[in-house]
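Each chain gets a letter, A, B, C and D, in the order it is written, and its residues are counted from 1.
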Amino acid sequence: LDKEYMKLALQLAKSVKGQTTPNPPVGAVVVKDGAIIGFGAHLKSGEEHAEVIALQMAGEKAHDATIFVTLEPCSHDGKTAPCADLIIKKGIKRVVIACTDYHEKVAGSGIMKLTKAGIDVEVGLLHKEALQLYDVFFHYIKNKLPYVTVKSAVSLDGKIATAKGDSKWITNKTARTDVHHYRHCHDAILVGINTVLNDNPRLTTRIQNGKNPVRIILDTHLRTPLHANVVTDKQAETWIFVGERVSAERKEPFKNNQFVRIFTVESEKIDIKNVLRIVALEGITSVFVEGGATVNDAFLQKNLMNQFIMYIAPIIIGGKNAKTSFAGEGFQKLTEALEFQIKQVEKMDDNLKIVAVRKG
Amino acid sequence: LDKEYMKLALQLAKSVKGQTTPNPPVGAVVVKDGAIIGFGAHLKSGEEHAEVIALQMAGEKAHDATIFVTLEPCSHDGKTAPCADLIIKKGIKRVVIACTDYHEKVAGSGIMKLTKAGIDVEVGLLHKEALQLYDVFFHYIKNKLPYVTVKSAVSLDGKIATAKGDSKWITNKTARTDVHHYRHCHDAILVGINTVLNDNPRLTTRIQNGKNPVRIILDTHLRTPLHANVVTDKQAETWIFVGERVSAERKEPFKNNQFVRIFTVESEKIDIKNVLRIVALEGITSVFVEGGATVNDAFLQKNLMNQFIMYIAPIIIGGKNAKTSFAGEGFQKLTEALEFQIKQVEKMDDNLKIVAVRKG
Amino acid sequence: LDKEYMKLALQLAKSVKGQTTPNPPVGAVVVKDGAIIGFGAHLKSGEEHAEVIALQMAGEKAHDATIFVTLEPCSHDGKTAPCADLIIKKGIKRVVIACTDYHEKVAGSGIMKLTKAGIDVEVGLLHKEALQLYDVFFHYIKNKLPYVTVKSAVSLDGKIATAKGDSKWITNKTARTDVHHYRHCHDAILVGINTVLNDNPRLTTRIQNGKNPVRIILDTHLRTPLHANVVTDKQAETWIFVGERVSAERKEPFKNNQFVRIFTVESEKIDIKNVLRIVALEGITSVFVEGGATVNDAFLQKNLMNQFIMYIAPIIIGGKNAKTSFAGEGFQKLTEALEFQIKQVEKMDDNLKIVAVRKG
Amino acid sequence: LDKEYMKLALQLAKSVKGQTTPNPPVGAVVVKDGAIIGFGAHLKSGEEHAEVIALQMAGEKAHDATIFVTLEPCSHDGKTAPCADLIIKKGIKRVVIACTDYHEKVAGSGIMKLTKAGIDVEVGLLHKEALQLYDVFFHYIKNKLPYVTVKSAVSLDGKIATAKGDSKWITNKTARTDVHHYRHCHDAILVGINTVLNDNPRLTTRIQNGKNPVRIILDTHLRTPLHANVVTDKQAETWIFVGERVSAERKEPFKNNQFVRIFTVESEKIDIKNVLRIVALEGITSVFVEGGATVNDAFLQKNLMNQFIMYIAPIIIGGKNAKTSFAGEGFQKLTEALEFQIKQVEKMDDNLKIVAVRKG
């Protein structure tokens, strides 16, 4: 039954994925005499860890119980007391862990502490499922960069608009709703200034109970209008990245808007890697790029794309000048092209969705 | 058991699809007292019809038997005596037909003849499967044009080559072998002169027991080299379509090559619909286009594409000047774009194959 | 996303199915601004309800939040304060319920209370999945009888043993392990005295973290040996049902065994419906019968079987006197035979498992 | 494409399975230059072999062609000239064979002859599928006994009737129609005299275009009534097996019935193996037993059952005296029970079908 209990812990962790940023989603289940006596998940950065909630629920009964936890319990002094200590104190007999932590402060030290205390520790149950859950978090911790997903809606011949620029709507409603699920579970959404100027989008999550991501605008010359939806709607924060040449006066009118932050990069043009580094420091672990061909290309050229999601409509647009997903120069040789792995193919009514992840 | 017998007839017809051009593939099965006493398929234009082979095999026993045939038996004087007459003469009691014929000379007259002779006729068993078998033939008969399948091998971002033109090989071996199956079952393959000049391809079917299609070259100024593989290899016929301005001297050296035919169109430039009309008259019912962006676009602009087959490799090439499947101007509005239906999606190792058919 | 949240609530409820007896398994999830802020499950009779745990976790944030709960919140004074009152007090804005309660004391009164308080109440999300979860509980509440599952391990020809009585082991190890999962999630296991005398079984759940059911023995003349495993092993309670003629002296030696209870029925022979009524009063909601042909037949004749689970081994034993799953007289006419519905068929290595539920 | 051609040959062979008795079903396809130029199947004992039909259809073109054949071509003088000789004479270049022949007269000698003639011979393409096709034939050739399939229609508890004998109808219409497909493809159907006396069955195949099997009656004392359907209906032959004590007078009235044959075994009682040996000599390769518990048991006890087909209805009949599939003594120890392998499980509306084949 161990598997069943770990599945539940993973299910709990999965259900809070996206709301614990910059912490990882963790689930825990406490079991004794064939019955669940406690369970928990880390709900939000700054709040209790999954193990704390689960052990509190178990109370006295935790003595001699088994705890199933999706990630190695913490052992360092952070915002909360280390979970490893609490597990020992509560008299837990056996700890089953799906994944060890990649965080340098933890990395096996939690397990060591537990083992030294004479607790039976098992690592690796449903490891593969857990790794999938932690793809974003581990990437973030290792690289100090958010996990980047680029999205594109194209015709069968790879066009995102006609030569004249008509792009509303290439894909069907099911595909467009699916996009909102991605917005919901990402920390931030990123677009270029042209998208703001042309479409005046809201960039919010329009599904019931949806969570809005931070809106990141790449805007070298700070051309974002003061009356743009992303500035005025107060639905989520908007972070505008501008070049060093933008004057203080130009930034002035945004200052008293609590929902807008201006980030000035230390160069004339905006370097996308720089932007990612900065937002990572701000605790953004995942970025959903809905940016158009030029913005997409910036990620391609810098090899900063972790995932590519493509919605294909069953039409052929044609046109050698009609835009495709990535503008710019592209790669010159096939051997230079970025390699992906097609992870998922799904029919969405008459459209098709393809999810590809960066290889290796 | 009727279904089982018709399935066998369809199986026989399907197995000869592509070799009976310009006739349709037909299968027939004769059954009496619960046993198969004869079966047949039309093997080649000019040879016996399926019904003739099946009834010959059945011999005397055909009296009072049932015949299952995939297409309405012919009733007109053609190269062979009408099958309807033979069925009557043999004393068949019941005729089960999957599909009526679209051919104006037949169109129900076979059924009428049989019914008048007092034979029990049933139409429509496994009709849907039969229609699929006759998609090419019915299109050809109704429109006097071959059924056109355009093939493209692309990256995830819809590119058929890098900006510098590197395209060998975007797709994997499984996908490339799959292409040869399409060559095998098409009457003709079509490319533009640039493909001949750049790649000097053979355009033959390189799978065991593969059948080579006729090779059609669009070559306005007759620039096909005399030493090109398609001219010298004698593996299949090569039909070169040239503009009216091409001089007789230029055509001269091809004249004594039995495998090459020069077709001169009555215009300066080559109109693709004109080409299709001509090859249809020559008995070509299906054309497989492996032509590159410009040739593909000719079919797109004239709305002459019946099927689009796309092999997608899991790489991103990028480049706004890197070619996509269709060059040319394309459509200006999304509402003008040609609509297709995604009929099949298949993983081919790490590649993906999408088959889309023209809607309506 | 509503569905996702209710799925989690159902998942939580499902994970505690079997440990909340005689209460139903209930799960709850509290959501606000696209994030989960609390979740809970009722873990054990006498402990907090799912809603209480979830709302405590949510704390202040519960104000204006949505709660997803698998079963209608209670509104009556029970062992705990009514959950409906707590939901109102916490300022919840919207309540989504999978299933209304069948319990006469609740039955819509919880919903009424919430609605009167101005809360938006929705009923029926994932209703079908919830009904499946509550099959046992609703049967128990409506009929004041436990849900009865009879299990049998047979050969292809329906034999549970050879004519000589050899039955160890007909089915394979996978099938036998599967049986332990059923023991784990049932409140009680039931056998006849002959099984105890012949096999001296332990009737415990021998899988990791398994929960032992109460062991019910039908033993008219109290022939259970004092040294039987079910009497001495102290792994779970053993309830022995005896006829009224059994003398007090005979019962005496069992009295100081805390794990054994003797139930004397008010008749010479033991009526199975009577037994079920008594154990229902004791809070047993589900009974797993592993009883042999005679005991099984008692359930068949009284039409008290809700589910039949059959493990089929790929052997033929033969023998007109070899026992089948049900001894006794059986039904005389086919129209009298009890009707079931085959709900599940599963290969278990070379064995086959069939789950059939009573129809109507 | 080799696989495609062999699949067609197997398809042809499969479609005549059951009508070629006692010869095996064989299919052949002749291919040249990527086109099918001939195909054939052996239709009936005494008629042309598959290779002959296929090569006749191919005519002159057969020179340098490839022939795909499901079974090794014959090389001995039988009713027809050896196919191996014809293949050589026709100038075939390559022979692809799915299965070598088990027949002692052939067994590799066909292949040897072909190889000696310089023909390229390949064996084993789609071998597994071919073996499945030849299960009946190879069993028949090796053992000089027909392949025996026993059929039973039972309740969930393995009963074929109530204790009172009510058995009409346990299973549903779909299951009963399925039985007729088995009758159609078997050479003979076998029942005991009691079935004839109680039900007066026709034992014919009541599906469209169905073929009637020979009807075998086990009737020790020749109690088959002269007015029984199997005697008077002239739908198929009826073979009655009687013991040696039956007088000539008793047999007399059956003599002038062309559809009835009386077989007298040389013993008082009828030995089932003896019956199978005799019908094998008469060319019966497969027997479908629909015999009731006693007849079924005869096959069980002599270990003469190759396949067991069970239709399960979702009812429980009960009754220790209600009959199961096999009467008689049965096996005493589980280790003696006959082992099978469950090959197929199929839902038939609310019924279930299980096909089990004898192991080893």
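Note that contacts are C-beta pairs under 8 Å (C-beta built on N, C-alpha and C of every residue); 3 or more make two chains touch, one makes a residue touch a chain.
This is a predicted model, so every value here is computed, not measured.
**Q** Determine the set of chains touching chain C that also touch chain D.
**A** Shared contacts of chain C and chain D: no chain.
**Q** As a test of understanding: of all chains, whose mean C-alpha position lies farthest from that of chain B?
**A** So the farthest one, by centre of C-alpha atoms, is C.
**Q** Can you give the whole-Å distance between the Cα centres of chain A and chain B?
**A** The mean C-alpha positions of chain A and chain B differ by 48 Å.
**Q** Measuring from the mean C-alpha position of chain A to the mean C-alpha position of chain D, what distance in angstrom results?
**A** Chain A and chain D have C-alpha centres separated by 63 Å.
**Q** Take the average of all CA coordinates in chain A, do the same for chain C, and state the distance between these two points in whole angstrom.
**A** Result: the chain centres lie 42 Å from each other.
**Q** What pattern do the touching chains form: line, ring, star, complete or other?
**A** Shape = ring; chains linked end to end, path closes on itself.
**Q** Chain pairs in touch?
**A** Contact pairs between chains: A-B, A-C, B-D, C-D.
**Q** Which of the residues in chain B come into contact with chain A in the complex?
**A** Touching chain A from chain B are residues 152, 154-159, 162-164, 166-170, 293, 297, 300-301, 305, 308, 310, 312, 314-334, 336-342, 345, 347, 350, 352, 354, 356, 359.
**Q** Name, in rising order, each residue of chain C that touches chain A in their complex.
**A** Spelled out, the residues of chain C in touch with chain A are 1-2, 4-5, 8, 11-12, 15-16, 19, 29, 31, 33-39, 41, 43-44, 53, 57, 66, 181, 184, 205, 207-212.
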